[in-house]
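So that you can tell them apart, the chains are marked A, B, C and D in the order they are listed, and the count of residues begins at 1 in each.
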Amino acid sequence: MSLESVLTLSAGLFAIGLFGVLTKRNLIAVLMCIELMFNAINVAAVGISRYIAPSMFRIAGSDLNSEQVDLILSGHVISIFSIAISAAEVSMALAIIILIYRTKNTVDISDINKMSG
Amino acid sequence: MDVADLIYIGSEIIVAVTATLTLLMGIFSGRYIIVKIVSLLGILSGLIYAVGLWFVSTSYVFYNTIHANQLSVFFKILVLVTLLLVITGSYDYSKYFGKLRVEYLSLMMYSSVGMMLLPASNDFITAYISLELIALPLVAVIAMTKEEYSIEASLKFLIFSAISSAFLLYGIVLLYGFSGSTNFEVIAHILSNTNLDSNISIVLIAILFILGGVGFKVGIVPFYMWIPDVYEGAPTPVVAFLSIASKSVGFALLIKVFLIAYEFADWTFTISIIAALTMIVGNAGALLQDNTKRLLGYSGIAHAGYILIGIACFSQIGTSTGQVAVIFYLLTYAFTNIAAFYSLMNISLSTNSYSIQSYSGAFFNNKFASIVLMISFLSLIGLPPTSGFLGKLYLFNAAIKSELIWLVLFGVINSVFSAYYYLKVIKTLFDSDIEIIKYQTSRSYSLNIVLICALLGVLILGVYPDPFLRLLETSLSS
Amino acid sequence: MNLTDIFFIIFSLIAFSSALLVVFIQDLFKSALMLVVTFISVGGIFFLLNAEFLGVIQILIYAGGIAIIIIFGVLMTKDMATANTSNIFMFINGQICLLFFVLLSYFLINEEWFLLDLVNSSYAEQAKNLFSNTTDHLATLLLKNWVIAFEFSSVLLLAVIIGSLAIVKDKNE
Amino acid sequence: MFEIELIISLIFVTPLIVALINSLFITLSDNTNVKIGSYLSIMGIFISFILSIYIFSLAYGDDHYKINASFEWFSIGNLPVLFGYYVDFVSASMLLVVTSVSLLVQIYSLGYMKGDKGLVRYFTYLSLFTSSMLGVVLSINILQMYFFWELVGVCSYLLIGFWFDRNSARNAAKKAFLITRIGDVGFLFAILLIFSNGLSFLDKGLNPLIIQDILLMTGDLSTTIIFLVSIGLIAGAVGKSAQFPLHTWLPDAMEGPTPVSALIHAATMVAAGVFLLVRFFDFISASSTSLLIIAVIGCTTSLLGASIALVMNDIKKVLAYSTISQLGYMFMAIGIGAPAIAMFHLVTHAFFKALLFLGAGNVSHAVHSFEMEKMGNLKDKMPVTYYTFLLGSLSLVGIFPLAGFWSKDEIINTAYQGTNLASTIVLFGSLIGIVMTAFYTFRMVFLTFNHRIQPKVNATIEESPKSMLFPVAILSVLAVIIGFLINPPIDLPFLEKHWFLHYQHHKVIDINLAIALVSTLLAGLGITAAWIFYKNRNITDRLFASINMSQVLHKKWYFDYLYEIVIVKQIFYRFITRITQIFDDVIINHPSDFVGYFAKNLGRPVSLFQNGSVQFYGLVLTIFYALVVTLGVLLLYVIS
């Protein structure tokens, strides 16, 4: 288990999610794939956070106080916020999907292209 | 954290509290006008607070996540002025929101909280949260008229925003992986002090990923594709807000990102190419439109291209000239666009149709709005004495100082060709060959007040811009 | 190869294959279940990466919350649940995404990362201490360094609640 | 000096204030036919006129008269942009021309526009136009000049499209606006180029925006820069002054009310291009190539315009092409290095052409048409109009001793004295031009007024009201004497010999009797030819029909066709919008067409590109990001 393998996993999940977002016709499936993309990013953030040297060390190159070492966990903070925001996005998206389902009786994304040009 | 740091985010707090209060009042009070006045007062007090904040000295607060300087205060003021005008003018439009008009007020305010926070943020995590805080409430507001087109616009906005914010976040993570930090200044410091030979590609990829997330907000090639659709479908006040406030703070972040990025490489050529492409795509796209909101969407893309010219000259002459040009352009563009969108809205308040044909002969029914529309379009073309001319002059001046003459020539030629589609609309206003559609003559005083304010802004900035420029220069030099 | 490596391989294989299944299964309900499996295995990876708090959050919020909401959404539109087809771009999307994955992972593997040194660096002791108990330190970071982001994400969540209610509500009621 | 500054400000500000007050009338009152607005406007321009006379009297008698007055407008970086006035002899005389013609035209409009619904709007536009034209004349600063230059363009747009309920008027307004904008690109580019050399100006303590400072710097700039800037300025002047190849807007601009054509499209705005070149003459003349270009443009335009005017049947169109041709004369004068003579011709032309336009206005007021076919034998019905029109025509043709003679003769004389290529071109061009001018002018006079050519009698035709005849009469007096007065060949008791040219430091050449004789003879030849041709119309018509040239002329040398059909529709529309058209129209709206398109052109089954939904947008994004990652990997590969 190394940084490279974690990042490869993250790239894979991201690509799969991206593929799904671009490909699935059912809106809920698109939504699930967006979640996959954000999960992939979380994996990368946590992995990097686990394996990367703190920034202050590169600037100072010597002793660090404990607050500066704590910043190693910045990646975790990114993931926490990303989880919160993707939860928010899901609820918003589901609301719109239900609205679309009620008004147009479809959840097929290819039916939703009235505006173009 | 010092509690005194809270004064630097005072106007955000005021507006967020007002938004919540508005919502509560909407539940308990039946009178919309009272709710509206309370929210306007809240925004106004936030604005006054922000103006006061201008005189507070620069500092880094909240553990370097917020950089409170005059530039960020300037954007706060810009956002709040826009919000004030947008909400004041949308009193008569809000009938299209039905019972949801209180939620509309509240969500617009929440979104503007994000917009105020974004230019002040000094850290990618805070910036990301602000970006999402801008986008997600707007998703709801766009869908709020519950018409087929607005729902579609909302969905497209959400999905496009989700994809680009995923890439943005990936970029942030990669940049964090390279530097070990999310703080703008730490990253810039590391970039300027490290031998980048072995790391050149990660920084390149990370910065271009981030450019995508920000470019989505401002609408540059190739991230512009949502703009025409969403502008066409969304409610007009929201479009005005999107095209001004959201775009302006997007540029604020873009300036910050490129101040970092120029530490790493010279981006002039790349940005110039993107600027040229954006201009040509925007103007060419607008030529064929017959919906004015869609047309203004494409025109907004073209204007993003002009503004990018200013960013292209960041490295060569020191950044100050380019920044002043960009920010002054944003200021002029704000008033011009308010005038454009709201005069269109004024004319078609009763029909709610924005196709160019529906404006034929509008001059005879609504003289004032038509004149405002004409002046704002002349400003979009970039003619003196409107502010659009001086804005372009500043951008081109900055570019010429950076020896980007070809780009200037390209921009000037583009602005000439753009006159074609703007004049097409102006011409229609005076059309009387076709049978005139009888508009319901609705006099909306609040809308006219907003139009007068925007018109004054367009003309004053075009004729006597000196005080504003002085303010901008001092705020950038501090 | 130690135990961590083996677990990592297992978890990432599960995550990877279930993610593929999410995309390729035709039945939307089953694909939502596969999504839960992916979330749980990603949570497992978080535990392996010394991020126990995030692992718990992942399983609680993603597998427990978001996935449930999604399944709820699937049930609400249940007559559409089986119509989970792909659009006509599928092959070109597939090629581009595959290319994207290959290039990105090639680049991520060959990049020279500036790695944490837990053996003989000046901060080694503090870092080991940090990874032994990340939750405490994370709490400090969230409520101290990123307190603004934390507070404003709560504003965001409030706005989203109002927004989604407003979307679902009928405007004339 | 304070009073002088105040007076100059008043000249420019009075019409502006009047325009603002009038626009308030329009917004406040639903009845836009308020008489008081028009009187107010005339009062305003009258004040400007009186003050201009005062300023001119100061400038007269002092050949180094200069007034600088400015304050800081805004600044670009550390470069102050000044807003202010610069008055010398040239601008003082322009002030007088603009205000006097504007005054007479506004008085004339009282009668001509009587009863029009938008009377106050009309006078508002006229005041605004006058104010901005004065702004161009007075500008100290090139940016300020550009500012008013565009404002003049906007006013012209509004006035051409004044009767906006006519489709043709709206189209003409749009065309005028767009075509002059093409020239303005050149002007703006010249300004920006001067900016870009701002540092060398600042080193010398000069300001790169002040016109006089630019002239002072001429020696220190590289020849390439001077040439490029000159080309930009020439482009601006070509657009505004309707010179070849941007001349096509002016004839269409005749859709505006006739007094507007007299003021804007004959006397003042179109002269702005000439004024610009005169202002920058010291700069432009540093590059002899630019002067040659100006001379060639002027010569081409003058012959082109005159040739089209030969066959036009609309009286205003004849006058419009005549204006184009006469502006060509002014360009030729600049091209041979005699800006003072260009100014001289500008002044005389302003008066006699305004006279001709107002005369045409009288005629059309009576017969309700501009078609010369519908006129004829108006001499008896409208004697005052006839004689004034005749005087104007003789002046235009250049018959001794009318105004046109003096200025045109100076051009020919100077060209005759010159030795370079430009002079030769100009000499021949102007001599040929005289014949054509005489021909088309008298063709117009005969067709309109002469009973032997078109013996139609329409009983209802009456002479115009006094308010329309009064300005015409004054202009006709001016058209007779102005040439002699402002450049007398002999010393008069109250005027020095050649004072107008003298004050502009022009080397005065005495009148050459041989040249004068030749030009008069040529003019006579043209008039005779017109008489003979139109006395026997049937033969003439057959003759014209037999040679295809007439067709070419009727189609205005196909310039409109070239611009509208070929350039705008074919190249611009087809080519540039094709890209987005394919994208939006074919991919998104007509998937099958797109398949066919690719199948035909590339033979590749890309049927997958069908959907234009948000997922397609996402695909574009993904392709962009994939390219970014590819770039990153390539960089990694290159480095390692």
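The rule we apply is simple: a contact is a pair of C-beta atoms (placed from the backbone, for glycine too) under 8 Å apart; a residue touches a chain by one contact, two chains touch by 3 or more.
Owing to the predicted nature of the structure, the values given are computational and were not obtained by experimental measurement.
The chains that touch both subunit A and subunit B are C, D.
The chain pair with the larger count of C-beta pairs in contact, out of A-C and B-D, is A-C. Work out the mean CA point of subunit A and of subunit C, and you get 6 Å between them.
Taking each chain's centre as the mean of its C-alpha atoms, subunit B lies 39 Å from subunit D.
We define each chain's centre as the mean of its Cα atoms; on that basis subunit C and subunit D are separated by 68 Å.
A separation of 62 Å divides the Cα centre of subunit A from that of subunit D. For subunit D, residues touching at least two other chains, in rising order: 584-585, 611, 614-615, 618-619, 622, 625, 629, 632-633, 636, 640.
Among the residues of subunit B, those in touch with two or more other chains are 125, 129, 132, 136, 139-140, 143, 146, 154-156, 159, 163, 177, 180, 198, 201-202, 205, 229, 288. Counting partners per residue, subunit C has 87, 89-90, 93, 97, 100, 104, 107, 111, 113-114, 145-146, 149, 153, 156, 160, 163-165, 167 as the residues that reach two or more other chains. Taken as a graph of touching chains, this assembly is fully connected, with contact between every pair of chains. The touching residues of subunit B, when paired with subunit D in their complex, are 155-156, 159-160, 163-164, 167, 197-198, 200-202, 204-205, 208-209, 212, 222-223, 225-226, 229, 280-281, 284-285, 287-288, 321, 363, 367-368, 378, 383-385, 389-390, 393-394, 396-397, 400-401, 403, 405, 408-409, 412-413, 416-417, 419-420, 423, 427, 430-433, 464-466, 469. The touching residues of subunit D, when paired with subunit B in their complex, are 27, 72-77, 143, 146-148, 150-151, 153-154, 161, 164-165, 167, 170-171, 174, 177-178, 181-182, 184-185, 188-189, 192-193, 195-196, 572-573, 576-577, 579-581, 584-585, 614-615, 617-618, 620-621, 624-625, 628-629, 631-633, 635-636, 639-640. Partner subunit B is touched in their complex by these residues of subunit A: 14, 17-18, 21, 27, 30, 34, 37-38, 41, 44-45, 48, 52-59, 71-72, 74-75, 77-78, 81-82, 85, 88-89, 92-93, 95-96, 99-100, 103-104, 112-117. Of all residues in subunit A, only 18, 21-23, 30, 109-110, 112-113, 116-117 touch subunit D in the complex they form. Within the complex formed with subunit A, the residues of subunit D that make contact are 584-585, 588-589, 611-615, 618-619, 622.
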